[in-house]
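Going by the order they are written in, the chains are A, B, C and D; count residues from 1 in each one.
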Amino acid sequence: MSEKGRVEAFSDGVFAIAITLLVLEIHVPEIERHQSLWTALGREWPSYFAYVVGFLIIGVMWLNHHTTFGCIATVNRPLLLLNLLLLMAIAAVPWPVELVARYLDRGDQASVAVAVLGLLMTAMSVTFTAFWQYALRHPALLAEGVSVPASGRLRFALGLAGYPALTLLSFVSAPVTLALHGVLALYYAFDQTLARAAAPAGA
Amino acid sequence: MSEKGRVEAFSDGVFAIAITLLVLEIHVPEIERHQSLWTALGREWPSYFAYVVGFLIIGVMWLNHHTTFGCIATVNRPLLLLNLLLLMAIAAVPWPVELVARYLDRGDQASVAVAVLGLLMTAMSVTFTAFWQYALRHPALLAEGVSVPASGRLRFALGLAGYPALTLLSFVSAPVTLALHGVLALYYAFDQTLARAAAPAGA
Amino acid sequence: MSEKGRVEAFSDGVFAIAITLLVLEIHVPEIERHQSLWTALGREWPSYFAYVVGFLIIGVMWLNHHTTFGCIATVNRPLLLLNLLLLMAIAAVPWPVELVARYLDRGDQASVAVAVLGLLMTAMSVTFTAFWQYALRHPALLAEGVSVPASGRLRFALGLAGYPALTLLSFVSAPVTLALHGVLALYYAFDQTLARAAAPAGA
Amino acid sequence: MSEKGRVEAFSDGVFAIAITLLVLEIHVPEIERHQSLWTALGREWPSYFAYVVGFLIIGVMWLNHHTTFGCIATVNRPLLLLNLLLLMAIAAVPWPVELVARYLDRGDQASVAVAVLGLLMTAMSVTFTAFWQYALRHPALLAEGVSVPASGRLRFALGLAGYPALTLLSFVSAPVTLALHGVLALYYAFDQTLARAAAPAGA
């Protein structure tokens, strides 16, 4: 397999494992014999909410990582290290997701938990932008015919501005901000800017 | 690798990880020095039962996912998102399996635990049907020569009706219903309808 | 990818995950500030011993699974299900390994723990033999030119007799039996019978 | 897939899983309603530090493993076993990382924890050198045109001397030594000696 192929396979592995580890944060409640399991399971709603949002975040990041690699023809050591930094942020997602699951129904602490998720997403957005900018400035690494429309730059700018904004918004409403993280992931899933840039290198 | 190939590899990763994480629900009993380890291990029978059924469920779903992808030539964003929803249900399976392992020998709570498994399987069946119906209605996505016999539709209908039925049946007998989940998985393993539809797109 | 290729990739995933999950059984000891961490770590020796043996068992099983698939040209549903049963045993290995890690320094309970490992290995040996016998009896599934020398049959017989013997031996000495599990794995690593049978189907 | 290809895929799987399991050592703090979650999260700084260093260690080892395999044309059983020993060390990394995360802010115990990481890295360095020396002495296993400059030998010598040195240094300053583990990983990421040796066997 080419060096690029093995990097993609390794990255896919990290995405697949991180997304599947999310389930470990959904705890099985410990109850007494006379208590209702339905009630106990209902009280765990923040876990289910956090699981769905975390799954969308990692799943859509995988889609975009994959599209980005469609624009790249070959990799060098700095790009590999930038990819490693990006994976370091992705692989960490299960931790703020568990934090949110534990504290979303706990008043002010919920805001802190969702803000930590926002900070990690900001870090991810920064490393993803660095990865992409590095590639754009080294045309030798790019697949033939790749060109990025102005809206592509907008897209990255949105992430760089959007995640800090969501971090601040956590202190207004934690559950609404968590839902917005899911919505932003879905927006990224449907935005086709990158996909169009990648098309010439297509499958 | 083609976009379709990478989606298959990513999905396979999620299936393989979810199925291997099942073992984490089999706990090592904590006992005192003078107690019998055989007895303590025997008391964990619901864990072993749940492990076997969970393994069959995910393993056979993997077989079918794989057969379904044999009918598909190319993927688009909506299909990728439907696949992501399906994986969201698959990756969650270790959670109800642990729930069942913990509560199967605990009277009424056993029924609730097995019913939760039934609800998740219903959700999986719905997303799998949505994935498949979407593909069928977009022939451009299908491999050449794919056609689905009427019995193929029956098969999906069986899942859509069968899992809600098993959910209700949990309240009659939890252990019997759990066994029926295993039996239904084996039925899906041997049913060749989809495989026949996929044949023209073969290996 | 061909059906056989995807089954190999899925199986490899399960092997890789099960072998890597073994590390979760090596616990970080909880000690007070004035206690010696070296002493506490030393007391965890059964964890390290169990980790090494478990790693050899799964790693060598992976080698052999891989060699076996070298003899196979195509797969059908019964063979897929036999492979699933084999993976069910493989994926369960981290559980007896944790059991052994916890009870190896606890008198009689150590024998029970190592015997449980022996029983799981017996189950694995039975499913592996069933898988192999099924393939041999369906020459259409085999790669061209594959033939199994008598010593190949001996090899499977050794597993079928050896693991029950080790199960019984656990009650004589648990640590010696655990070491013998590692030795038996190494024997299987170097025995080339299967590899020779597979040669005509080679890389 | 060729035997070499499957070994690479299996090894990549172990690397990807070990690196992603690191996140499990970052615990979600348990606090009371009136306490500050920010403060509690701040107190967990050793976890974040250990996560970053552990991620660099495994990620860069993956890069180098991959480069090394670029020099290899075919594998035999002894090389497979040496690779398995190397993976045994890699897959164990999450354990000293958790040890460091738990004890880095605990006086003398911090030195022991970082020394244990150093010992594991020494073991990894020894098995990696053994793997590489074995391959060099069996030219039939090497890709055509591979030759290792003297600086390549220096590189392995550095690991064999550097990790024991870091182990001793742990007793001078645990946090500085932990940081040096990260720096050494980055050095290995940028050193191109092996990459140059591998070039003739390129993608």
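Criterion: a contact is a pair of C-beta atoms (placed from the backbone, for glycine too) under 8 Å apart; a residue touches a chain by one contact, two chains touch by 3 or more.
Nothing here was measured: the structure is a model prediction, and the numbers come from that model.
Chemist: Call it same or different for chain A and chain D: same when shared residue numbers make up over half of all numbers used at their interface.
Modeler: different
Chemist: I need the rotation angle between the copies chain B and chain C from a CA superposition, between 0 and 180°, in steps of 5.
Modeler: Between chain B and chain C the superposing rotation measures out at 90 degrees.
Chemist: Looking at CA centres, what chain is most distant from chain A?
Modeler: Centre of mass proxy via C-alpha means gives C as farthest from chain A.
Chemist: If you average the CA atoms of chain A and of chain D, how many Å lie between those two points?
Modeler: 25
Chemist: Could you grab the centroid distance between chain B and chain D? Build each centroid from C-alpha atoms only and quote it in angstrom.
Modeler: 36
Chemist: Among the residues of chain A, which ones contact at least 2 other chains?
Modeler: Chain A, residues with two or more chain partners: 9, 13, 17, 21, 24.
Chemist: Can you name the residues of chain A that touch chain B in the complex?
Modeler: Those in contact with chain B are residues 5, 8-9, 12-13, 15-17, 19-24, 26, 28, 31, 33, 37-38, 41, 51-52, 55-56, 59-60, 62-63, 66, 70, 189-190, 192, 195, 202-203.
Chemist: How about chain C: which of its residues touch chain B in the complex?
Modeler: Residues 1-4, 6, 9-10, 13-14, 17-18, 21, 24, 74, 77, 80-81, 84, 87-88, 91-92, 94-95, 98-99, 102-103, 106-107, 109, 112-113, 116 of chain C touch chain B in their complex.
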